[in-house]
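Take this structure, written in structure tokens, and hold onto it; I'll ask about it next.
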Amino acid sequence: MVKDFEKKNLLFLALICALGVLPLGIGVSTIRILTSVFMYIVLAQSWNIIGGYTGYVSFGNALFFGLGAYTTGILMLRLHTPFVLGLLASSAVAFGAAFLIGIPVLRLKGHYLAVATFGVAEALREVFNNLRKLSGGGEGLSFPLPAGDIRQVSYLFYYIMFILAILTMMMAYYVTRSSAGYAMVAIREDEDAANVMGIHTTKYKTLAFCLSALFTGVAGGAYGYWVTFIEPNNVFSINISVMMVIMVLLGGIGTLWGPVIGAFLLEILSDLLISRILEYHEAVLGFIIILVVLAAPRGVMEIVKDRKKFSLSYFLENIRKYQA
Amino acid sequence: MVFIQILLDGLLLGGVYAVIALGFSLVWGIMNIINISHGAFVMLGAYATYWITTRSGIDPFVALPITMAVMFMAGALVQRYIINYVVRAPASMTVTLTFGIQLLIVNLALGAWTANFRSITVPYAGARFFLGPFLFPYTRFFIFLIAFLLTAVMHLFITRTKTGAAIRATRMDLESAKLNGVNIRRIYIITFAVGAALAGAAGGMIAITYPISPMMGFSYLAISFIISVLGGLGSMAGPLIGGLIFGLIEALSSFLIGTGYKDIVAFTLLVVILLIRPSGILGREYY
Amino acid sequence: MLEVHGLEAGYGDIQVLWGITLYVDGGAFAALVGPNGAGKSTLLKTLAGLLQGKAGSVLFDGREILHLSANERVKQGITLVPEGRRLYPGMTVRENLMMGAYTRSDRKGIGKDLEQVLLLFPPLLEKLPTLAGKLSGGLQQMCAIGRGLMSHPKLLLIDELSLGLAPLVVKEIVRIIRQINGAGTSVFIVEQDVHAAFSNAQYGFVLEGGRVTNSGKAQALLEDERIKKAYLGM
Amino acid sequence: MVVLQGIQVTKHFGGLNALLTVDFEVRSGEILGLIGPNGSGKTTLINVISGFYPISSGQILFKGYPIHTLKPYKVANLGIARTFQVVRPFVQLRVIENVLVGALFGKNNLKVGVKESFRKAEQVLDLVGLSGKVDSPSGSLTLADRKKLELAKALAMEPELLLLDEVMAGLTFNEIEETMDLIRRINATGVTLLVIEHVIHAVLNLSHRIFVLHHGEKIAEGIPHEIVRSPQVIEAYLGQEYAKAYQERSDA
């Protein structure tokens, strides 16, 4: 048992070290893809906390990404604050927004919650489209350019997103092993039963929402500085919200490593598709989404855990499970 | 005067919105599925009308029933071979799945028809009539009438026909419906296909008045959300009244605060109604 | 008419019925009683096709129907009046009754059966345009049974007839059911109220812990001390 | 000493009186049996005590403190635990994690850490006889084990008052015997119990006192042996006619 644990930890450490030195040996475009993978690990894992562990399926988590991006951007551009301070502010703004939005919205469930979170994100997108003075409105916002040559800049963002991904993973790891984590899962499994066992459900739902906002906001800020130009229709996009959900579903909802696998697979795949069949890559993505939801809604993790399951009958059973 | 004309324009537009939301709220209410691909179906309906009109030269209003028939078939196929397998699944799955369908349809359409805007030109495009000092373009006025007609037909279908009764029965008590011999799967196919046909009709109506492109659907999805929540899911009149109210609100807010803010008002309204009264302003307990 | 052999069924992994064997003859009035949690409703749901039986056989008119869906069984002539009535609350009484005839297309026959139902349950007549959700419990039960009759069943299954009804109402409804049975429809009722069940049926079964523990002539069962024991444990 | 007291407790659902001016008291250290035919309001009573439904009128006092306005989690934090008639395990959690949730929250509510709560959960599982299934997924348990788990979840909350809603329904004879024994052992540790049960012989054997609900009203209260001889009770359970016939037979 102890040995097993150590082996796992060693493997994990080795992986971190390998990823830590990896950029030194690869091209800028590959670094870029991996940076993007890390960013989506942050987003997917963060969504996993509210949508996966707590069972409150938000379709508006992009709003934290957008808020984070604009917070860092506005601070850097208008107040010339250092980047790191911007990121800290982004985390605070996202956390605070989640608190204010979460208390009323998390009373809703299922479809109503999905529509409400989507509605809040869209409303905010429109607000930023109209805040011309502050955010540049629909024309977007240009960040100051980071110093250094292309390679140095790509290192910078690789490591920023890498660290964010590790931090998010650690948060998920520790939260799910804490009493709060058990409260969240209990709420997902049966909210009424959780309530009669003494769990202040509103408190833990809101906490989960705030935690899911925290690093999403930071990632938004880092993303803005990375791509140097943001616009509301891009950073508040429903596509970002849905990507979080898809990646988690693909990897395995409510599991620690599911979001990692999902983010990796989908990001690499969509990159391959873009380079091969640019025009139809989103159509193929749509097709993959349909396939995943129908045939493997509990994701890759379930098959990893039990390899015997990898058979046609497993997929057929999944397909039949929810039919009318 | 200008103010009243703006309200009238808003009402006319509200008719189209009502038809967009009619199919969406039907599927949501009966099958408990939020069909994210509804906007894509609207777009397909617009293109169907466009192609029928431009290729055969028949009047777009005549093309509407053909569009609806085509979309009915398309909807039936999508329900039978895709949606049917997630009908009992949680929202995370149904929403994601229909998002995937939307992505697939829109991007295939982009590939096939490019992102360029197209429009149908009818000889009577500019024709209008006056009622007192107020101006009514013929096309929009007809579309408004058709919206009423479709709502009325749907109301009769749901309340007066045997299939309509079975649809309501399925909604009210699934087990009882099974015990009465209702084939639930068939009911779902009909419901979704009718929803798609209505989306098609809405798309056709939009194609007559506005330029269309494969990307047009998404904003109509958002409108469907708002109107369904506004009107509630309990009746066929809900989307009509919700659509008219929304048309008015949109016209008013663009006039009073500015065009840029109308969507903020709309989405804020959506969230506020959900929080205060999730069953909608007109929502009923029973379908 | 109905022969059940070694029927096993349940929900998901949880098995509730353990090898049920029973029969209902053509034209018979049979009853099944048992305490809460014995599996009575599960048995009826399995017979009506709402639940899939896992093993055993269910023969109806000599045909195996174990794997037929609920709507196919209705067409074969088995109709269940479910526990708690389960009317369509937002539909009128007339609409509810007509939903019972959903599988039929013989207009004349349907009209005749509607008349028949209204003759059997006169209080429903003036309530035809009323929403079913607004009826009293007794009227709801009448409407539910009427809805079941509208499918013109050969075998009518009734779950928890007396639940939540005043004794006089139960008596009245039981009288009507005997009338229905007298007209040729086989009736199989499942009840908690032992007396309501066995004082009217010809023969009956006792279900305990998912198994049939006793069966025979209804009158004999009524006097059997073991039943009281099953209920009151004395 | 009275642990729980209900004064004129009434609960309407629409026009239906699920509970009508019910007075009751649960005394410290006792097992109080609550019986009544289907639909008599037993589960509703547990639902209003545990804060699931607000009551329409009346009062419920726990150790003299009014609890009828509290949310369920508050009631639980005060030391009242309940089980559900249709068991509600957290299906995707292991057996021990289900119980852990009770130990973490419940009456202690975060005063104990995760590690210690795991130990507590193990003890409770030992007590109910599930120690062999600690790591099983709770969705895979048999009905009898699920019932035990439901009990364990409530026990781990370290309640002063435990409300049991038909923990024996659907169990075999032997399993019922086991459960009765378990309930006695729980009671022996000082926990007061209010037990709803349809398996009458079990509740008669188990309870110190019994009260009977019928159509939402209390129709009898007393020690077990008196209760089963009460004509009202026999009538409520088996119907008027049956009661009459039985009376005649036993007279003869």
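In order of appearance the chains are A, B, C and D, and numbering begins at 1 in each one.
We adopt the following convention: a contact is a pair of C-beta atoms (placed from the backbone, for glycine too) under 8 Å apart; a residue touches a chain by one contact, two chains touch by 3 or more.
Only a predicted model underlies this, so the values are computations on that prediction, with no experimental measurement involved.
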Smallest count of steps, each to a touching chain, taking chain B to chain D: 2
Interface ranked first by C-beta contact pairs: A-B
Distance between chain centroids, defined by C-alpha means - chain A, chain C (Å): 53
Distance between the centres, which are taken as Cα means, of chain D and chain C, whole angstrom: 31
Gap in Å, rounded to a whole number, between the CA centres of chain C and chain B: 43
Graph class of chain-chain contacts, one of line, ring, star, complete, other: ring
Interchain pairs in contact, sorted by label: A-B, A-D, B-C, C-D
In the complex with chain D, residue positions of chain C that touch it: 13-14, 16, 35-37, 39, 160, 162-164, 167, 192-196, 199, 209-210, 222-223, 228-229, 231-234
Residues of chain A that touch chain D when the two form their complex: 177-179, 182-183, 185-186, 189-190, 192-201, 254
Touch list for chain A against partner chain B, complex: 51, 57, 59, 104-105, 107-108, 110-116, 118-120, 122-123, 126-127, 129-130, 238, 242, 245-246, 249, 253, 279-283, 285-290, 293-294, 297, 319-324
Contact footprint of chain A on chain D as seen in their complex: 50-52, 71-73, 75-77, 81-82, 84, 88-93, 97, 100-102, 104-107, 109-110, 113-114, 117, 153-154, 157
Chain C partner contacts - residues on chain B that touch it in the complex: 162, 165-166, 168-169, 172-173, 175-183, 284-287
